[in-house]
Amino acid sequence: MSATALFGQLLLGLINGSFYAMLSLGLAIIFGLLAIVNAAQGAFYMLGAFIAWMLLHYLGIGYWWAFVLAPLAVAIVGMIIERTLIARVYNLPHLYGLLLTLGLLQIIQGMFVHWYGTSGQPYNYPAGLTGGYNLGFMFMPAYRAWVVGASLTCCFGTWYAIEKTRLGSYLRAATENPMLVRAFGINVPRMVTLAFGTGVALAGLAGVLAAPIYQVNPLMGANILTTVFAVVVIGGFGSILGAIVTGLSLGVLEGLSKVFYPEASNLVIFLIMIVVLMVKPAGLFGQTR
Amino acid sequence: MPDEVLLRTEAVTKSFAGFVAVREVSLEVQRGSIHALIGPNGAGKTTYFNLLTRFLPVTSGHIFFKGRDITGMTPHDVSRLGIVRSFQISAVFPHLTVLENVRMALQRFRADNYFFWRSDAVLRAFDGRARALLADVGLEDHAGLVAGELPYGRKRALELATTLALEPELLLLDEPTSGMAGEDIGRIVALIRRVAANRTVLMVEHNLSVVADLSHRITVMQHGAILADGSYDEVAKDPAVIEAYMGTGFD
Amino acid sequence: MSLELGDVSASATGARGSGLIGLAVGVVLLIAAPFLFYPVFAMEVLCMALFACAFNLLIGGGGLLSFGHAAFFGAGAYIAAETAKSFGFPFELALLCGIASATALGLLFGLTAIRRQGLYFAMITLALAQAIYFLALRLPFTNSEDGIQAVPRGKLLGLVDLTNNFAMYYVTAAIFLAGYLLVARVWRSPFGQVLRAIKDNEPRMISLGYPVDRYKLMNFVLSAALAGVAGAVKAIAIGLATLSDVDFTTSAAVVLMVLLGGMGTLLGPVVGAVLIVAMDEYLAGIGIPVPVVIGVIFIVIILVFRRGIVGEAVYLWNRWRAGARA
Amino acid sequence: MLEIAGLNGHYGESHVLHGLDLAVGAGEVATIVGRNGAGKTTTLRAVMGILGKRAGSIRVMGVETIAFPPERVARLGVGYVPEERGIFASLNVTENLFLPPTLAEGGMSADEIYQLFPNLKERGRSQGSKLSGGEQQMLAIARVLRTGARFLILDEPTEGLAPVLVQQVGRVLEAIRARGLTVLLVEQNFRFAARISDHHYVMESGKIIDRIARAEVAAKMGRLEAYLGL
């Protein structure tokens, strides 16, 4: 096997891994505050990609604007949904939240399948990132380098915002004991809405980044969602850094398996999940409770 | 009554992430006695209970029941050995009827609980015993009610009947009178006295008049450790105990 | 902590006399159905209804929400189709092979997932089912996107020719009825009592000395096996095992059927399955996107109609009776 | 500052507060004493708006708050030190200290806080979960002094503390009183409460059954021991 193929798959694995990381990071933020597993996370990923495509296709707005506008639009849609629908199930058993977001997934995905079919819409590389660099051991496409850089920056930026800033300390405190945070005069319900917006915006951003690589497909969200759930089970909802590390390393492992045993590459993450559940049921970074 | 130690703990300790909730507690419970565990909030009594029933793993130390080391057993094995606990909050099965609640405990002794193809008519064999237990706690007229609809005091009585159905050798009661007032307390005290006649009871209780009324022996805990141990009169005179209850001033 | 989704007590403790009358009406309907509807459509409805009953056994009995039940349905379908077509197994044997594989898969899923509860349990089952989906996509005998087509029906016990739609229908109906009655019996067995109690108050059951995980696992395997029956019968009756049998959409559809009909009620899943399969057929005909409608129903049920159709009916009936008595 | 009339409250299934009446004047230190399970903590939770089921009337600084969510109660200028201290384990000391937003002018500055609690400065970067019980308590009190709250609610500040630390809490409370803040305290440690309280409210079975002013404490010691002692 050639070194070029190996490094190529590793790079793709890193890219996929950073998408897993962004989606599961969003899930972790939402889960921390809402105690809900957002099954629609995949739909928001797809929505991010589609909004970017629609901006270009209908309004002629290019990639760089879409990079900012699409996640913002996803966040707004998410916050509206949180206020109007999800807020109504906070007092019910947590599984109802999962079922509700499952319904949302079906609606959002179903509409796009209805309008655009299941074949992908092409989305061109943004101007300026079409070429690549020859690194000697491999050819590095410029757009892929940008995606790795942007998504890693985004992941670690989120980590920094949560772990090191004042707003992040609100978030961590409210995850631990929301009632007490409210008793200090902080409007936690509003924070919950913002956290949901942030969580889905991360998925939307991953969607924009993915658009030129994978095309824009209504089913792209459902496909990634199951993998992201496995990533979350493997990592556990315990730590932000844990979500990032688990996402990245599983992406890379998946990439490696494509090189060495391509038939099993789709299964490798699920096999790892089974092993982890046997050895450490709470997940690698989860708290045993 | 022979002086037989039914339960013994040896330097049992439990710490959570740097915080020691139970510190080297060594305690002996005599067979046939009512033994009360008292102390201010946060003294570690409920944690200690959870260690005894294996709901929490101990950090260090050993637990012996009838001379046998049970420190590493699973909760349901401990229960099968004859150590059964009640809970601070009412632990009934709210959607089952009162009779079914008690039967749930009796049914445990059947071997065919996994036989999903059998009719539950076989469970009627337990109805007589279940009704007798309900009569013991004054619930015989409510057998057909759904347990969730019982008032709070009666739920506690139902819980006790269910616990007794297991014929426990050691009954662990976690605050049997919590959340009750007035005549309910009197009723539950009489009940505990009656059912304790040929059993051993270890209970956590805050209501000191209940403790004074019922217990043969009292252990006072504070800050996770044992502060004093003895009869009610001995304990009540102990200056350390008085301080624990009335506190220390400051200047 | 077990999750209180649905409530089985309404039906499990319901009057047994009226149950018998209902059963008689049901049997008459089952007998009459192929004369009223296209028999193949009726078979499909019954298989989905049995699948929904299997799912309901899990959630109504133990309160565990599986998001990957299509894996068992699909395993039953693929293995029964393969053994009937490639190995030439007779109907009964192909059926048994399908059921056995679903049961084994259920045991594997169960052992992996049963230690986690609630949301994690749902996510784990979904992820495992996705692994099965990939297997169905990749394994040599499953023919990827095409699936296993033209599965022969064969003869029942070597006597009854099942290529006749009516014969096949009545065999399917008999299997469905047996499965339905099995669920009813499980809930009224000592085992079912234990499950209800675990769902009601799991810590208390542990303190009473029950090994609760073993009961939950057993119930999970039972539910997987029954889902396998539904899948196997469907593959042979319709003559087709495809990727859509193991797809996530099918897992979600079965959740919806049970939710719509009423979780934890005996009849609910059947009502839900009939409505959803019929709606599927109707909407596909007039070009309305089915998933969107399904999603909307999901949300409406969760926000305003959590008892489901049968659950609501039982609730209203009980209230009316209580009112009449007072 | 606080007037409670006919307050009823439930904790889970059990009815804990049975028509409670209580009033605390501005600048006063009032203590609720009583045995375990009498409903003391529940009373404080009801005032803060974090008790789900409550009915009756609670007026804080003249504003009816019975239907307020906790954040609106807090913004009237109320600081809360919960039982078990409520230090956030995932936040470090400094983050815990600066978590509560400023509610009004006149709170202590960071320098004043560090002067009163020198430990907190040294341990600024330690995680909340790594603090000793005494340090947690100091942090929990310091946290609300920063906000400018005029009315402090403290739930068993001496619980589980060694005598030296009880002394320290006592000095802090005297400093608070000297600043003219109003304090509602729940204490099991009666001798501690007796030193600083203007009024003692004795609670039993969800009701206030006696009110003893500071001047009467010595005379009524026997009665108090009967309420609280063994």
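A, B, C and D label the chains in the order they appear, each numbered from 1.
By our rule, a residue touches a chain if its C-beta (ideal position, glycine included) is under 8 Å from a C-beta of that chain, and two chains touch if they have at least 3 such contacts.
All of these numbers come straight from a predicted model, not from anything done at the bench.
Interface comparison, A-D versus A-C: the higher count of C-beta contacts falls to A-C. Distance from the chain A centre to the chain D centre is 43 Å, each centre being the mean of its Cα atoms. Mean C-alpha positions place chain C and chain D at a centre distance of 55 Å. Centre-to-centre separation of chain B and chain D, using mean CA positions: 32 Å. Touching of two or more other chains is recorded for no residue of chain C.
For chain D, the set of residues touching two or more other chains reads 89. With chains as nodes and touching pairs as edges, the resulting graph is a single ring in which every chain has exactly two contacts. Chains touching one another form the pairs A-C, A-D, B-C, B-D. Note for the complex: chain C touches chain A at residues 3-5, 65, 112-113, 115-116, 118-120, 122-124, 126-128, 130-131, 134-135, 137-138, 248, 252, 255, 259, 289-299, 302-303, 306.
Of all the residues in chain A, the ones that touch chain D in their complex are 166, 169-170, 172-173, 175-177, 179-188. The touching residues of chain C, counted against chain B in their complex, run 7-9, 13, 182, 185-186, 188-194, 196-197, 200-201, 203-212, 214-215, 218, 222. Across the complex, chain C is touched by residues 53, 55, 74-77, 79-80, 84-85, 87, 91-97, 100, 103-105, 107-108, 110, 112-120, 122-123, 146, 162, 166 of chain B.
Across the interface of their complex, chain A is touched by residues 48-50, 69-71, 73-75, 80, 82, 86, 88-91, 95, 98-101, 103, 144, 147 of chain D.
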